[in-house]
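Structure incoming, see below.
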Amino acid sequence: MSSRKFNALPGFGLTLGFSVLYLSIIVLIPVSALVLKSLQITWPEFWAVIKSKQAISAFKLTFGASLIAGALNCIFGSLLAWVLVRYRFPGKKLIDGLVDFPFALPTAVAGLSLAALFSKDGWLGSFLIPMGVQVTYTRIGIVIALTFVGMPFAVRTLQPVLENLDASLEEVAATMGAGRFRTFCQVVGPSLLPAILTGFALSFARAVGEYGSVVFISSNLPNKTQIAPSLIFAFLETNDYTKATAVAAVLLVISFVILGIINYLENWSSRFNQ
Amino acid sequence: MSIELKNVSKVFGQVAAVRNVSFSVKDGELVALLGPSGGGKTTVLRMIAGLEVPTSGDILIRGQRVNDIRVQNRNIGFVFQNYALFKTMNVFKNIAFGLKVKKWKKPDIEERVQSLLELLDLKGMEKRFPHQLSGGQRQRVAIARALAPKPSVLLLDEPFGAVDAKIRQELREWLVHLHDDFNVTTLFVTHDQEEAMEVSNRIVIFSKGNLEQIGSPREVYEQPSNEFVARFIGVMNVLEAMVEGGIARVNELEFPTPDLKNGEKIKIGFRPYAVQISTDLALYRYRGVLRHTFFLGILLRLELELPSGQILRSRITKEEYAILGLKDGMEISCQIKQFRILSTENATLTAEITPNLPAPLPLGEGI
Amino acid sequence: MAGNLKSIQRKGSEIAEKRGTEESPVVKWTLISLAVLFAVLFLLLPLLNVFYQAFHSGLQVYLDSLRDADSKSAIILTLKVAAVTVPLNVIFGLAAAWAIAKFDFRGKSLLNTLIDLPFSISPVVAGAMYILVYGVHGYFGPFLMKHDIRVIFSTPGIILVTVFTTFPFVARELIPIMQSTGTEQEQAALTLGAGGFRTFWQVTLPSVKWGIIYGVILCNARAMGEFGAVSVVSANVAGETQTIPLRIDSLYLESKTAAAFALASILAVLALISMAIKTYFEWKTEREEALAQMVVEEPS
């Protein structure tokens, strides 16, 4: 009882009990099932799956494309956040609203639309394909889809931090004769770094797990354009539960690791901005 | 007895917020719980309300032990520091809330709310929402809401803390009038000694979870039971002195202390009004210079500097100041009419000592 | 996230007005042009394209695509799934937010982390986990078989994974709002004699109304649009276990692009509605905050 302060408000037991029960059924049981199942796989079995050519290629593609998407999101997300916070210009509200769009739009619709956009009759594809840039069914398409779904995370993480940035810091730098570029690199940049990294981690995490938008734009060819979630899907379709579990376990562990990193970054960031 | 606390203690984790506190409040009294922040006064108020549960001890309301009675059933009115008005309800609904809970009939609710609106000068505000009210109005709505279900006790947590100085004065008067009108037993928490002195019949003083003293404003001012109270209520000159041959000396100041041993270190305390001043340099024992005059309104505070550099604070009225023809930088003579030996905190104080002094001018008495 | 977005805009415009340390106009407008170009190409174009593709073969084709029996049944199944998922997640969101925002207890941060978990688990992994529990070879598989209960490859499975991927939405909206309002209003209700249920219903619920509405909209949009997890646990039989996203996928694979986009446009409209409500919700909170801070002059 001493773990909880007395609170005159009622309903603690009921609401906490219900929440825990709900989480147990919806989250804990399935996660435990995956953990349990992967513990039943022996190491040689596990390595055989993970080190297979198909799996290696899928992991490489997933992480490579996610890293590139994360980096792109850092660059363009920072640009968008900066412009939205610091400047006034016509259409600003619209752009600000658009940033949330990839978050609200179902991934299947996003994938479908991107695939059509870059197809040879599409609005962008009809320019790019004659120039020799093939987006659909290639890795470029995967990167574009992953960047699209991760964009809101990068912008929305940076925006509030940029907002609360103490303007006097820049003013001090200016009074000491520092130009804008120097001020940005030495004063503004470092205090935004934790938020930019958090945004990167969030969009990376989103990209690693993304499936819906990619299946439309990618040809999903084993060893070429097959991402890790697609590989799990393929294993499940052939009832290869052991293989599917092994790959899923790797993705789950990576999810947890990124979650830990994000928590750490957020703590760092909040300490930084006190 | 309206409210009674018997040996009440409250421990939060490792911290004792309230230690073995006992006091009682009579029917219809207006009592202030006074003390510095963290003194435990709000915790005491919340325990009376039932928002906190005492770790040990008993709380009685109208003779009934209420420890196990839930806050809903204690029939108290509670006014929160930041009012806690229901943001999504208008003024009428806020005030009527408690009546609806008690299943009053609609016309009765209407009548009760209207009479409270009138009494608290809130007529015409029924349809407004809390965010459309000024700080003072919010405060009055909060009081009206607490009073509506006719509570047996009204509890207010720092009721004037969140409004600005001008309105605060007005609200203090409101509270006194309301208390006269309703004659409901009222307890309020404050950290402002002036507010406690002005508004209440009796003051309960807390420090670090201990009850230091309980008494009328006059009692706690004139007969503080210990150094904490003496220093907390009003301004006091406090000097550290060493006893030698029955006299405690601080620079040129001498205080007769015949009962104390040689070499004992003590603290001497005296109120500014005990420092008497004259422009006749021969009248009083000590010489000094009036360094600075602080105008506080009808009363003035003077800062005197003795030749040793010792600073004394004195207080006189505007009239005296004019009669004496005082000016900053002027040489004066002074003496200390009454003083007290302060021992450590929590220890009981000895009575005030009036040394044998030449007859003072009949000025500044009773301030 | 939603709560502080609007304050960004408000403060942002103030900053834009009064900053003395600003980049040169050339740099400023270059940055703005780049950002706008990027946003239009990358964010706006995919949205417009959905509607263009849906309608460019004509309204008749659009309506016919929606009237198709299999598409109709996909819409109905999707509505069913959402009708079960959303209320469940609202109840959970309210319960979890009440416990987390109004009380202090050990394990609170663990509970918070668990609520965020679906955001970081791949939908396909989520689907795989449910197959490992409820599938034929799963842990509960034999039991379910014995009692002739089908979960995986049928509607219950689709509902379960949808609940998994969408349950954080309501709770995540409500927790910060409930935390910021504190517990004083509830305590005030208690001192006035109100019971727990009345306090919750009349004091707490009205003050988080917009959070619930927005959470429901977001949860609903996600529930109707979930693809990855659902495609894992659904048998993907047209007219039976196909939700709208699965139907879009199969139409696309059959090269019925216009029909796929017609269905996609429904989900896109849903996304637009949720964004519009979000914008309104933020505008409203901003206004309420501003009003709450405004000190009305005391009439003397």
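Letters are used for the chains, namely A, B and C, taken in the order the chains are written, and counting of residues starts over at 1 for each.
Operating definition for what follows: contacts are C-beta pairs under 8 Å (C-beta built on N, C-alpha and C of every residue); 3 or more make two chains touch, one makes a residue touch a chain.
It should be emphasised that the depicted structure is a prediction, and the values quoted were computed from it without experimental measurement.
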item	value
Central chain (distance from its CA mean to the mean of all protein CA atoms)	C
A-B against B-C, pair bridged by the larger set of C-beta contacts	B-C
Chain A and chain C: spacing of chain centres that average the CA atoms, whole Å	16
Distance from the mean Cα position of chain B to that of chain A, given in whole angstrom	58
Interchain centroid distance [CA atoms averaged], chain B/chain C, Å	53
Residues within chain C bordering two or more other chains	187, 190, 195
Residues within chain A bordering two or more other chains	5, 8
Junction residues of chain B - those touching two or more other chains	50-51, 70-71
Residue numbers on chain A that touch chain B, as the complex places them	2, 5-6, 8
Residues on chain B engaged by chain C in the complex (per definition of touch)	49-51, 70-78, 80, 82, 84-89, 97-98, 101-102, 130-137, 145-146, 149, 166-167
Chain A residues touching chain C - in the complex, by the definition given at the top	3-5, 7-12, 14-16, 18-20, 22-23, 26-31, 33-34, 36-37, 76, 79-80, 82-89, 91, 93, 95-102, 104-110, 112-117, 122-124, 147-148, 151, 156, 159-160, 163, 167, 170-171, 173-174, 180, 183, 205, 208-212, 215-216, 229-230, 232-233, 236, 239, 241, 244-245, 248, 251-252, 255-256, 258-259, 263
Complex interface listing, chain B residues touching chain A	12-13, 50-53, 70-71
Complex interface listing, chain C residues touching chain B	181, 184-185, 187-195, 198, 202-203, 206-207, 209, 288, 291-292, 294-299
